[in-house]
Amino acid sequence: MAERFDVVVVGAGPAGSAAALVAARSGLSVLLLERGPFPGAKNMFGGVVYCRILDTLVPNWWTEAPVQRWVTRRQTMVLADGQALTVDFRNQNWGSEPYNGATAYRAEFDAWLASKAEEAGATLVCSTTATGLLTSESGRVHGVRTDRPDGEVEASVVIACDGVNSFLAKEAGLYPNWSADHYTVGVKEVLALPSAAIEERCGLGGDEGMDIEILGGTGGVPGGGFFYTNRDTVAVGVVLSVAGLRDSGRRPEEIIADLKAHPAIAPLVRGGELVEFTAHTIPEAGLAGMPRTVGDGILVAGDAAHLCLAAGIWLEGVNFAIGSGAFAAETAVEAIRAGDTSARGLAGYRRRMANSFVLADHKKLRHAPHLILGERAQTRYPRLICQLAEQVFTITNPDPKLGVRRWARRAMRDSGVRLHELAKDAWTGWRSFG
Amino acid sequence: MSESIAVVPVRGGMLPVGADEAVAEAGGVALLAGSGVAKAAPELPAVRVLTAELGAPAFRAWAAVLAPALAPYGAVLLPASPDGRDLAPRLAAELGRPLLAGATEIRGARVLVARRGGLLVEEVEVEGPYLATLQPGVRGAEPRSGEAEVTSLELSVDPDSRDPYVVEELPADPATMDLAESSRILAGGAGLSGAEDFELLARVAAALGAAPGATRVVTDQGWVPHERQIGTTGVTVDPDLYVTLGISGAVQHVAGLGTPRHVVSVNTDPSCPMMAMADLALVTDAPGLLRALARRLGVEDG
Amino acid sequence: MTEASPFVAAALKHVAVRARVDPLTGEESPETWGASDADLAALEWALRLGERWSMPVLAITVGPSPAETVLGTAAAAGASHLVRVEMAGDAPSRSVATALAAALAAYPGGPVVVCCGDASPDRGSGSVPAFLAHELGATGALGLVGIEPGERGVLAATRRLDRGRRERLRVTALAGAPAVLSVEAAGVRLRRAALPAVLAARDAPVEVIPGPASRSEPEARVRTVRRGPYRPRAKVLPAPAAADPRARIRALAGGRAERRTPQALALDPEQAADHLLAYLRETGYLS
């Protein structure tokens, strides 16, 4: 006799725990399966959680979530050889309730969110991998198989939150046009530094944090970099196009090493002792590469549904994972109550996402990955921007200053940027970010 | 504080690892208990030796008869060998004394004890007499000079005591001998993973004219037979060249190492004890380096 | 154990299986909590003995309430009775053993065999099993790498000795005259629990027994004054055996004189391999 639950959620990452939390809170019986020995055991990310989405799920989450530092300073940095131009924004309001973003360790954050789901009544079972779907002849999903003896579990709805490259979604036939080009790879190092050094180098107070998103600095491989501060470690890493990395023949460690050696980054990481080196695939294609998210008896959320923005200068995924997980669970609850858990009965999921930031942000930024990962944004624009800055800030006495128009023309020529391309990219950018 | 004494369990005249060090740490006073004690006594750097011929190991019974003879001594030390580790708590219980297990140094009432396999050390202060087990390999000992004064104690153990019955003793596998006698060793630890890595390690070792070795974590996983284990409960080696891949350098491992002339250590953690011992410390991924070596030596495929 | 059947026990410690140790301060940051591999092996042996001898298996831990997670693992794998003795997590060995012994001896039916891990990852003394054997008046067979259960109450065991040797032991155990075994993580893996058992284990009742309020007398006399990273002490080297004094000096100094300043290099694996081979060439190991 297989075990039976109303909902089986596969994967106790942010998406899965949010889904389990919402479904359990509605009084359904929920099983949350996690392959790691505990939630977050092996999960990695850059380091910042944008928690606004938690306001409705866990009121006053900031009083209990395991946070490293509250982000009060964000920088966007454009790097070229030996040069950097930084936009630096500091907002002291982010350092107090209701907060904006926080750095956190996944091992702690994921475990905490999963414990919330357990408190709500979900059953969490770790060290257990879902190895396949139970499907009827018609292809309807009615449970999962696990790697434990007697490991089949029946469910009215399966919510696949098994992360990027979800093989449950694949098995359900929801990834019709899978391609390696839809992915980037994230690689990061965690370096231990005394908290006082971190605070001094980044100009931070006690529990304040800084994050830097970096454009350029990946040695020509399309991607971006990041730098985040935890209490007594900093994370520095890069997100790289898989195809670009392959073509470059370089190793990600080398690219991080170069980034760390850049004069804008080196002073921040100096003396840091390597305590962790991890890599993870990221779904990057935006809306274009998104799989189907609804099948008969199955919903897909989080990275499994490619709901992640990692186009160079953004690194957001946890918020989308939590949002989509919660929507999936609401939909499952509604469908189970209505007695129809077919794809049609579950169709409300897509609508819920479309009406929220989850799909709206992706729609808005659907051209962004292409733009940001394009060769121009990767090498020519950083060079252009840095060169422009160089000319503006270099005193050329006794020669007179050339003036912005001529500086710009010279910088464009030197960096190989053409006006019509710039105009086109500016338009795309405006539509995306404006 | 009154005098110290080392208690050394002896099997068929053979001393346990770390016996000489325990005796030296105790200032040259020793009690040898077991079988063949008279034969073993002259091998120790002792000035005064008590011997008790007690037969086959039976620690529960031994503890009961040895305790009175040890009561006058302030500090009772045993080597942290398998037998020493088992006898010590029994003696501590008989004597009603605290046991400081895994000590690295005895300084009267202050004792240093290793924790977490030797990553950490705790300094403890003891009031009154105590027992301690001393990690083999941490201090070394000069060989004895001159005759020791030997007194034999006539003690007899209770034959009905509940101790396991020793069916037989299995000698070390002859395969260990080539490890013990190798002048070059390439050893791997938990920084490598899986039998596959260790098969590759063996090939790379062969290409370098070295014998392959491993830590206990590795032999416990079954990736390498137990006979390849270096350390206090493995084989004791004394090579000229010792190259380690992904070994942290726990005391119990390093204790099995003599004094190699050249030590190369590969580890992602630059501050672990093995790296601190190394002449060349390479901070890098050990499986990656192993593969790179195999390619350069042309032994990638078996 | 309504009819108070004798039982096989597994003593499991909830412990930081891995920890990061700051090389400067020696500060320890625990990483993964749970039962050590050796304790899981002990549990597996207990289950096998229980099956072989048709005896229930009791899992016991001494520690604060989070320690019950290791009992959950045991219940999922097949332990039918779960006991936790309430005590501070850092209680010293003798006190832990006393608490274990009292709880086991008082448990209806009485223990026949108690399986322990050979050494815990944090303190790692391996002395709890020996003290436990003493307190229970039991036979102790410690540091085992293999167990072969025989007929009820009899087993053969292989124990690890030093210098690569082993010994084979025969152990007899009865209710009232039990045996304490400590096993290494070698040879066995804890069975994989079935999913229904994992789910059922979540509701398995744990009996909580109050432990002794204070440390045992001898241990109260020990006080930790300092913790720090391990630093090797200078080793005494035996004098070289060479006949004339000059040869002896050369033998002593030679090994060291050749030594260059230690080098530490962070390199990628490819470069590191080149560097290593170059070093072996320089030092004459490779031509």
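Think of it as A, B and C in the order they're written, each chain with its own count starting at 1.
The definition used in the following text is that a residue touches a chain if its C-beta (ideal position, glycine included) is under 8 Å from a C-beta of that chain, and two chains touch if they have at least 3 such contacts.
From a predicted model like this one, the values you see are computed outputs, not experimental measurements.
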{"item": "Innermost chain, where centres are averages of C-alpha coordinates", "value": "C"}
{"item": "Pair joined by the larger number of C-beta contacts - B-C, A-C", "value": "B-C"}
{"item": "Distance from the mean Cα position of subunit B to that of subunit A, given in whole angstrom", "value": "49"}
{"item": "Chain centre separation (subunit B, subunit C; CA means) in Å", "value": "16"}
{"item": "CA centroid of subunit A to CA centroid of subunit C, Å", "value": "40"}
{"item": "Multi-chain contact residues (two or more partners), subunit A", "value": "274"}
{"item": "Where subunit B touches two or more other chains, by residue", "value": "270-271, 283"}
{"item": "For subunit C, residues contacting two or more additional chains", "value": "266, 268"}
{"item": "In the complex, subunit C residues that touch subunit A", "value": "20, 32, 34, 192-196, 198-199, 202, 266, 268"}
{"item": "Subunit C residues within the subunit B interface of the complex", "value": "19, 21, 23, 26, 28, 37, 93-94, 121-127, 130-131, 133-135, 137-143, 145, 156-171, 177, 179, 184-187, 217-219, 221-233, 235-239, 255, 258-260, 262-277, 279-280, 283, 285-286"}
{"item": "Contact footprint of subunit B on subunit A as seen in their complex", "value": "273-274, 277"}
{"item": "Subunit A to subunit C touching residues, read off their complex", "value": "3, 37, 41, 123, 125, 128, 146-153, 251, 253-254, 274-275"}
{"item": "Interface residues, subunit B side, partner subunit A - complex", "value": "268, 270-271, 283"}
